[in-house]
Amino acid sequence: MPLARIDLAQGKSADYRKTIGEVVYDAMLQALNAPKDDRFQVITEHPAEDFIFDPNYFGIARSKDCIFVQLTLSEGRTVDQKRAFYKAVVDGLHQRLKLRREDVFINLVEVKKENWSFGNGEAQYVQ
Amino acid sequence: MPLARIDLAQGKSADYRKTIGEVVYDAMLQALNAPKDDRFQVITEHPAEDFIFDPNYFGIARSKDCIFVQLTLSEGRTVDQKRAFYKAVVDGLHQRLKLRREDVFINLVEVKKENWSFGNGEAQYVQ
Amino acid sequence: MPLARIDLAQGKSADYRKTIGEVVYDAMLQALNAPKDDRFQVITEHPAEDFIFDPNYFGIARSKDCIFVQLTLSEGRTVDQKRAFYKAVVDGLHQRLKLRREDVFINLVEVKKENWSFGNGEAQYVQ
């Protein structure tokens, strides 16, 4: 059920963006117990001037490769699951794209199970 | 109060996108008891490679016409109202645009009434 | 921790958009007690036809300069803090850009403290 919005500055290849999507999906399966194939993602490139992040907030040095991942998902994950998700995303991006671990900003938005319709106008997660 | 983010792949006409916005607004009036004229919508076209959805999740066959509708609204709607909204969106898009019912993904994000300002820097929904 | 999504119609300069981002950040510091340097913002320009708002909802006359500010932040702010934020955004935009107060639509989405990772795959706001 998660819907991911992934934002980054312009300048990366389509393959690079595709890999980000794959890593976020894999991390959902591994860490959040998301169902297989539950993949809905919007990736948006922005002119650098419209993609704004502090280069040092919380003592973390961010570069122009910084990306934002905002994931809307059903409520009910534990803090440990969320932590495992953050780590899986960052590790996967580092391994597959050499993206610096400092450059990954993640935010989760939780909603009720009834707040999803996957097609056909039905609320598939509730009876 | 709802704010709708509507995302789809590039390739549809401005009229087609406009009709999506109208259908989502009409469904809010019909099913969610939204006030008349309470219409705030952002529609975004994406390169197909950056608009990612599983073609079969939950056994629903999606095509390249798939759209995502993410609606932020005040909390308080019942499950039946949400269901009626999903159905109204899907029925309206099918009737007006021949959009396949399988191709409509919807997500709701609920917030408190005080979380809206419609202008003038005031929180119009609370005293 | 807030993540701001700022949307507006095409036609403003990069400087104009940059100033919107600064005002939203300043208002977070002033009114929401956000930490210094906690600034993460995505600004998106849209073709006018895809950026839709009612010109009169709630009796507020909106012009083509209307902007939407959607801020995801940690829960826990009082209604008065939210009100102060709305006012600070609107006042700042009016002072710095002559943006009409009627033209600022704001929505807040609240999440748990554990729902943020600022880098390194950690949940910095929880132990």
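Note that the chains are named A, B and C in the order they appear, and that numbering of residues resets to 1 at the start of each chain.
The definition used in the following text is that a contact is a pair of C-beta atoms (placed from the backbone, for glycine too) under 8 Å apart; a residue touches a chain by one contact, two chains touch by 3 or more.
Computed from a predicted model, the values in this text were never measured in an experiment.
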Cα superposition angle of chain A on its copy chain C, in degrees to the nearest 5: 120
Chain C against chain B, contact positions shared by both copies (same if over half, else different): different
Between chain B and chain C, centroid-to-centroid distance (C-alpha), Å: 21
Numbers and ranges of chain B residues touching at least 2 other chains: 44, 109
For the chain C and chain A complex, residues of the former touching the latter: 3, 14, 17-18, 21, 35, 37-45, 72, 109, 111-112, 114-124, 126
Chain C residues within the chain B interface of the complex: 7, 44, 46-47, 49-54, 56-58, 60, 62, 68, 70, 79, 82-83, 86-91, 101-110
